[in-house]
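Structure below; questions to follow.
Chain naming follows the written order as A, B, C and D, and within any one chain the residues start at number 1.
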Amino acid sequence: MARVVVDVMLKPEILDPQGQAVQRALPRLGFDGISDVRQGKRFELEVDGPVDEAALTRIHELAESFLANTVIEDFTVKVEEVTEAAK
Amino acid sequence: MARVVVDVMLKPEILDPQGQAVQRALPRLGFDGISDVRQGKRFELEVDGPVDEAALTRIHELAESFLANTVIEDFTVKVEEVTEAAK
Amino acid sequence: MTARIGVVTFPGSLDDRDTQRAIRIAGAEPVALWHKDKDLKQVDAVVLCGGFSYGDYLRAGAIARFSPVMEPLIEQAKAGLPVLGICNGFQILTEAHLLPGAMLGNDHLHFICRDQKLRVESANTAFTSDFVAGQEIHIPLKNMDGRYVADARTLDMLEAEGRVVFRYLDFNPNGSLRDIAGITNEAGNVVGLMPHPEHAVEPLIGTGRTDGLPFFTSILKKLVNA
Amino acid sequence: MSRTPLDTVEHAAATPDVALPWAELGLKKDEYERIVEILGRRPTGAELAMYSVMWSEHCSYKSSKVHLRQFGEKAPQSDALLVGIGENAGVVDVGQGYAVTFKVESHNHPSYVEPYQGAATGVGGIVRDIIAMGARPVAVVDPLRFGAPDHPDTKRVLPGVVAGIGGYGNCLGLPNIGGEVVFDACYQGNPLVNAGCVGVMRHEDIHLAKASGAGNKVILYGARTGGDGIGGASILASETFDDAKPSKRPAVQVGDPFQEKLLIECTLEAFAEKLVVGIQDLGAAGLSCATSELASNGSGGMTVVLDDVPLRDSTLSPEEILMSESQERMCAVVEPGKVDRFLQICEKWDVIATVIGEVTDGDRLEIFWHGEKIVDVDPRTVAHEGPTYERPYARPSWQDALQADDAGKLPRPETAKELKEQVLQLVASPNQASKKWITSQYDHFVQGNTVLAQPEDSGMIRIDEKTGLGVAIATDGNGRYAKLDPYKGAQLALAEAYRNVATTGAKPLAVSDCLNFGSPEDPAVMWQFAEAVRGLADACQQLGTPVTGGNVSLYNQTGEAAIHPTPVVAVLGVIDDVARRTPVGFQEDGQLLYLLGDTREEFGGSAWSQVVHDHLGGLPPEVDLERERLLAEILISASRDGMIDSAHDLSDGGLIQAVVESALLGDKGARLVVPDGLDAFTFLFSESAGRAIVAVPRSEEVRFNDMCGARGLPATRIGVVDGDSVDVQGEFALSLQELREAHEGTIPALLA
């Protein structure tokens, strides 16, 4: 079993009020030095069987037709390493 | 300028209605072979200045205290490569 | 003879009964359609009502759009069947690409419920012929994802073709581009809007206004006179 | 991952000396010994799990029970009461064959830990109580208390709670028609999130939580069972009982309102086809509660096969499954011949449903796991025969000094200018300010039957389209009054809710309550609790409105500091025709304003004393329940006979607060004259109970005055609806615009 991650972010030209709300809160939390925040969605898909070219193509289709609305969102598909990235 | 990504996911033992809704819809879309879907949030932070140990520590704190509610969510902090991952 | 107007119930639909009531009050016959139905029971028009179909968990309307009932609906809407999408129904129509653009979360990030003032920009659709263009009306609005967006070219096209049907007045409750509250397709048979006309059909209920009734009388007249 | 050997009933009987972690599960030594005595052996781990959750304060009411009995003992004779205390919720006859069920519950602590999910699942829980009675839920209300408005944590808790209540209730399609928002530093670490729900059914549809009829099937349906809210039980799941590893089981539950919406629809469909013999929602204590209550309320026993419970997490132990508090689950008892149809309906709604057990003709609740019996108990001992405490209580030593600190001695405004400034200060203060920023996040219109919603005095829902029959509900509670005198404070809460219902034209019928207090182990808190219950029971008796159910939330305290005693009271009323309802907002210029009731110099616990002097002391306003009843009768008659066009009850903030609210809501000003015998300050700010203002069309003035005169209710003409300012003649005038900015600006500025 393998994990495929689909990240979906609003297109850059679309207003992202959630990201902005986070950014606006930063100074209050004593944070500076962050010039922009965007908030999007992350989908973790557990795939049965091998994640080969065919599987990725299908997941790409899934992302395009369903997980993202490409009128407003961009997406990326990645196969996740088994070991988690550093915390 | 560099980009740091904070991924926030519900802890595995916590119910994820959103992920489940997606998963339940897959067969209807003609998709099978995906045994689990979890949906979380992805924050892209544009950091001014160098992303050194100190900056990462601060972002880690930010994630812990603000971006995630660690009662129900886990998070990871990653420095993003400048080139986007393959679509 | 009266018109038979279908109201689709998806899992998570909330305003199906209210919409049926509004259709009845207008004098037409409501017909319950179920999301798993594979045909539309020969109705003369369809309303996709408000609610949180499938919890709106992925994006508002995104999962409902793939329901079995949507297949005949999309096909027949393209062939001219009058379809009104209210709130979640509007969201489903954009997800199904029967209407251009997309709906996003309100710019203030909160659910909002209010008595909303609107201007009817077009009386040339199946659901607005009982209004006059320019008329100002009040309709309850309640949504989480009511921000209408589309690229500038699409917006310009909508404006140029007179396809912006409703605009928010005095206050834009969700950050919709160009204050757009509702639009129609090229043929004028598919209309979507965020506010809820079915909650403004009885004098005592809700905000106490009946500005929503003409939506249902418009379509009734059109169908009966057809 | 089951323990070896499985702790079966047989094994427990054979190993009397195994030490069980009863203390870690919150049981006292004598409670554990009682369990051993009941069973005649040590409990199995699974039995211990069940007893420990069911005998907890939350489920067993062990500290409060001795006091709550008064609600039954003193219950007034009421023909309206169809189902009284003890069921999931009480049921009231509202005429024309309709019955209404309603209840208020707390979800305080979870909402502090995770505001959004805590509040959301609070709504989910109360709604399931209402469905379990056989009713379609038609409205929710949400009485809330938060810490100081400017405290940083309030900014975390409040928006999350409000979004959670809205997120869940809106998604279920339940109009939110009322509630409260009160700020006070005493709630800082202990916000109160109470949620109420109203449901409607036909008389014949009333369902009870009981399992009768040997051979009937027990069906669990709804969400899969996960490891939610079972912190304690995981100790039992550890390899050996002494090796209590820290667990990763979540203490916070996540709500799935979509699943709950499906649960509502499929349950109602099953009811409509008369498929259900008994039904119980799964709330606190999950399956332990549902199975033991269903079995003990029925005539027989029950067997349950725990392996058949659909799981979200396959590693759960049987103890954990029994204790899990996963949301959006229900348990139905169905005759064997109807099981297929029941399952079909669930499938139609995509709801998972599984037969997990059967009603037997014995009197034991037996639960099996991997073919072995792990529970064998008399269900009554689990569900109904938990411990009862007579906790010591004593009037606190500080009570006298608090009451002696008379608010009447506080400096009062000396000039008209000061008076005016204090009026503005009052209407802009967080507690008196408009709550629109909050309530506009709730859907008021869904279901298309909302006649009145906030900020009206009570919410009102039409329940019959043809006749216009409707019900009204209001919730109130004033912790400041209750702190000064818990007996009277509770009565004042009832009086206010009762008055709010009557003000809209509905006849008050019945009461639910949510009693929020500090630790019962503190005799001072226990005294507050005892006094509040006594006060509420006495007042309900006198007003003829029985308590039909409610909820107790104790341990709302941080260290030594308890919250103000906060009894929240919900009153349900009925109106024959909603067309006759009376709104708060002024309707028409020229209508005459009347003040009903007597105004005395009563400032103890008042909003004025808090806002202007940050003071809490003295005595709360006097309670005169006969006067409340008379006032209510007049308001109801006047509304029915069309003698008044708007009305507003007077409560915190006094007359000026009420006038400003009516003016802003109707967008019409008022000219007021201070009546003879009153000074302007007392007229405007006193919080004497038993009062309301009404706007009387000139054509009705004589008739209205005659009615009040004949029945002995003081009615004083105090002015007229007019213009676009609130003008207290000879004192000051404030434009509606200035008032609106003050009243509506505060909460957004604090929270947005």
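The rule we apply is simple: a residue touches a chain if its C-beta (ideal position, glycine included) is under 8 Å from a C-beta of that chain, and two chains touch if they have at least 3 such contacts.
Not measured: the values here are computed from a predicted model.
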{"item": "Higher-contact pair (C-beta pairs counted), A-C versus B-D", "value": "B-D"}
{"item": "Separation of mean Cα positions, subunit C and subunit A [Å, integer]", "value": "31"}
{"item": "Distance from the mean Cα position of subunit D to that of subunit C, given in whole angstrom", "value": "36"}
{"item": "Where subunit A and subunit D are represented by their mean Cα positions, the distance between them in whole Å", "value": "40"}
{"item": "Multi-chain contact sites of subunit C, meaning residues that touch two or more partners", "value": "54-55, 57-58, 66"}
{"item": "Residues of subunit A whose C-beta touches two or more other chains", "value": "66-67"}
{"item": "Residues of subunit D touching at least two other chains", "value": "256, 258-259, 350"}
{"item": "Chain-level touch network, classified as line, ring, star, complete or other", "value": "other"}
{"item": "Pairwise chain contacts, counting only pairs that touch as defined", "value": "A-B, A-C, B-C, B-D, C-D"}
{"item": "Touch list for subunit A against partner subunit C, complex", "value": "10, 13-15, 17-18, 21, 66-67, 69, 71-72"}
{"item": "Interface residues, subunit B side, partner subunit A - complex", "value": "1, 7, 9, 19, 22, 25-26, 29, 31, 33-49, 55, 58, 60, 62, 65-67, 76-78, 84-87"}
{"item": "In the complex with subunit C, residue positions of subunit B that touch it", "value": "17-18, 20-22, 25, 28-29, 39"}
{"item": "Interface residues, subunit C side, partner subunit D - complex", "value": "11-12, 14-15, 17-18, 21-22, 50-52, 54-57, 110-114, 140, 142, 144, 196, 198-199, 201-202, 204-207"}
{"item": "For the subunit D and subunit C complex, residues of the former touching the latter", "value": "163, 166-167, 170-173, 256-259, 261-262, 349-350, 440-451, 462, 465, 468, 578-579, 581"}
